[in-house]
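Below you'll find the structure, written out as structure tokens, and then a few comments.
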Amino acid sequence: MRRNGFFSPARIMVIAGHTFTQLVRMKVFYFLVIFVALMLAASYFEMPWSRTAEDSAEQELTILKSTAMGAMTMFSVLFAIAATALLIPKDLEDRTLYTILSKPVPRLDYLLGKLGGVLLLVAISLLLMDSLLSVILHFRTDSLLAHEMAVGKAQGWPQPDMDARAESISQQGVTWDLQAGIAAIFFKAMIMASIALLISTFSSSTLFTIVIAVVIYFIGHYTADARNYWLHSQKDGVSKEVKFLTQGVALIFPDFQLFNIIDSTIEGKKIAPGIFSRLATLTLFYSGIYSVLAWFTFRKKEF
Amino acid sequence: MRILFQITVIFCVLLGFGAAKLGCEDRLNQDMVEARLIQPPLREGTSLQLGQTGAAVALGGLRSLVASIWNLRAFLHFENLDWIKLEQSYDIITTLQPQTTYYWDTGAWHLHTNASVFYKENKELSPIRRSSMRMQYIKKGSALLEEGARLNPDNWNLHLALARVWSDHHKVPDLTRALHHYEDTLACDTVPGFKRTQLEREAFYTMTRVQSRKSDALALGHRLFNLTTKNHTPNLVCCIFALQNSLNTSEADRIPEAKLFPNEKLQLIGLRNYFDHRGQDYPMTGVRTKIDTLEKKQSPSKDAEAPTMR
Amino acid sequence: MEDTPAVQINNLIKEFPSPFRKSKVKAVNDVSLTIMPGEVYGLIGPNGSGKSTTMKALLGLLTPTAGSCHVFGKNSLKTDSRQEIGFLPENPYFYKHLSGEETLRFYAKLCGMRGKEVKERVDEMLELVSLQDARKRRVGAYSKGMLQRIGLAQALIHDPRLLILDEPTAGVDPVGSREIRDLIVDLKERGVTIFLCSHLLEQVQEVCDHVGIIFKGKLVKEGRLEDLIAIEDQTEVIIRNASDRTLARIRAVIVDAKESEFVRMGKPRTTLERLFLDEAKKSEAHNTAITSKPADESAIEDEEKGAHDA
């Protein structure tokens, strides 16, 4: 029975499935209940409309999406960091790590399995939240659409205008672009989980890992400015240290501002498939690099 | 020793990977900015740079959520008539979500309508104070919209909101200013086709109220009238009627009355309604006279009242 | 018959950097030992002597500073070597959220087992360690003895040829401890090589056929148990139901033989452990007798017979 290749997808799935179960049984899904309550409250809350707003229907949908997706981002990123940060220290503390590594389990499989389990849970949670959002959004869009069409008919709008209005409202509803935005939330969580995994191979403290990961998350939002400053700025009267610092930031940290397309999808903008696929590829590269570096540290770690 | 070695290797790999991805990320960033999917990096020297960057970036992807929650608080300030806190809230909200029209619009509305009316009718203040506070809040609302329009130059909604603030006869109209905002609105590429005609009409109405722009107004009116029958609204035709009278337009250049008004019954109704706006600087030359003439003609059927049209 | 040793440790040295002293701490200092297939080897020594470090080096959890460890000919640093090893750590702890059955299935799958094979093996192991009744219960609710047993089960799940046990009976009650030792003997009979460490020297004496004594990282004594602990020049004879006359005659024979010396004659003592187990068995049988039908005479006879045999 010799199945001990360097990398075994089957074994990774076993560990991922186990990690998933472990996290689920930590009652993390209770957060989803809070999310559901928040969502339902947000959808029924009547916002005051300014009398000058021309597109209040679209704006209402935007606010709904904004609340929901903001909550989804917060949950995904925080959970990805915290769950990954606690996994290895917990195994170490409980000595369950010994029982696993004393089996013919390559260390890479172990790491990828842990990461996979966290991402599986984040993905499923996002899917559930997405389903709820889609249902609420769908009904809201339909009711707003019906209302606007009735108004249009009463005011005698011509059909092309009615169609244009319908199109404009529908674009704020459940669209593939919105799903792209939710996928972008997942990408962000994926990168953060990989970073947390890397840090946790160095540090045996969950808290330390979480703090550093959160700091990196924030710095990652400055990366675009740093890069822009380095590549496109004309300023010369700047000290060497500042230049060095901005270059360092631009190179080392991921650029999280690219994921601000989440906000664009909330606004109802269309995402070109080309841009989405490039973002996905970039995410895979980031996660890949961080995972490989995590393995590099972990492979020689002594217990 | 080992840890040091590992950290060094990791740094080197990250730097190497960073160099490799730098161009790729930059291009993706530029493409996204071009597609208006993300905000362009703030220009150096922008006065708001520090405030915007600090707050907006620091909260990362949570901006939309925080803005939503703050919006709920702002509503509570509105209910409590706490205008100062409300203004502060919308400063924060619009910093977090500068691309969301709703926040600029609603915040401005609270200021230029709700707050200004509150002060206008506040018996506890002296008349001078009331008037000045009212004006102050109209200006605050306008300023907020202007900032929003500056950050979102393609957003026709915000330009339109400004135009309506300054053309609103319930406030303190500045018609030249309003007209300028209408022009900005119509200059936006993003105005939907079906909206454009309506907005042109609105611009026309405002132009008619500006004494120095009467000839321009008439030219615009003629263009709109000839463009589509959708533009043959009672207000438009009455404006043209009055302008033609006011400017003594020659018969050759006029649109004949018979063409402006389908029949005399409707003409009378339209002109009567139009005449009700006489306190709002609309041209009224020959309107009263025409109403009198038509009334005399139709005096046997004076009792038959048609529903008023606006 | 295999010539490849189950365990081959050659000049193993493991150093740990010490934060306070310049020189490093040698946890294991030039240890060499060989365990042939089918042997039961006990490594004994005080706390901090290097037992656990040696085991961990064998399991690939540590990298030797110098020297090598091989398991059935494969280097312990390679993942493949662990296919043959089952390991039970000291004070084992398993995932609380899993049941006993789920725990075994997890480990079985980690070892590359699939489908029906997993189910069969899990059932077999649960029966072997007598945990069928607790298979659906969460491991978090297991007692110490049960944890030790499930630990053994997971160590054996993939039918390893080498079993490494770190303090297998530490903290376990005498009944549980007995069961574990019986299991070790049973495994030995099946041909499994066993490498264990323990502080409980009497138990090591009972099950091991080879022993190594490690002290401050050095293997100070090693060899077959019988050879090590036999007091070479003495012989023990145990007799049942001997009359005084017979004893006197035996004593006389010994005294007559010039080369031998009479040392001691008297009643041998049972151990406290045996006494405890006897009482435990008796009490269990008594409880069974009360709860079942009226006791047979034969049942009581069996009890007494059992007490004598122990």
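As written, the chain order gives the labels A, B and C, with residue 1 at the start of each chain.
Here is the rule we use: contacts are C-beta pairs under 8 Å (C-beta built on N, C-alpha and C of every residue); 3 or more make two chains touch, one makes a residue touch a chain.
Here the structure is a predicted model, which is why all the values come from computation and not from measurement.
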Contact-graph separation of chain B and chain C, given in steps at minimum: 2
Between A-C and A-B, the pair joined by more C-beta contacts: A-B
Per-chain Cα centre nearest the global Cα centre, belonging to chain: A
Chain B and chain C, separation of their C-alpha mean positions in angstrom: 86
Centre-of-Cα separation between chain B and chain A, whole angstrom: 36
Distance from the mean Cα position of chain C to that of chain A, given in whole angstrom: 50
Multi-chain contact sites of chain C, meaning residues that touch two or more partners: none
Per-residue multi-chain contacts in chain A, two or more chains: 300
Residues of chain A that touch chain C when the two form their complex: 1-4, 8, 10-11, 14-15, 18, 21-22, 25-26, 94-96, 98-106, 300, 302-303
Complex contact set, residues of chain A against chain B: 42, 45, 47-55, 59, 62-63, 66-67, 69-71, 73-74, 77, 157-158, 160-161, 164-165, 168, 185, 188, 198, 202, 217-218, 221-222, 224-225, 227-228, 231, 233, 235, 250-252, 255-264, 266-267, 269, 271-272, 275, 278-279, 282, 285, 289, 293, 296-297, 300
Contacting residues of chain B [partner chain A, same complex]: 2-3, 6-7, 9-11, 13-15, 17-19, 21-22, 24-26, 28-29, 31-32, 35-39, 41-42, 44, 53, 57-58, 60-68, 71-72, 75, 78, 97, 99-102, 105-106, 108-110, 113, 157, 160-161, 164-165, 192-195, 230
Of all residues in chain C, those that touch chain A in their complex: 56, 59-63, 79-83, 85, 87, 89, 91-95, 97-98, 106-107, 109-113, 151, 154, 158, 164
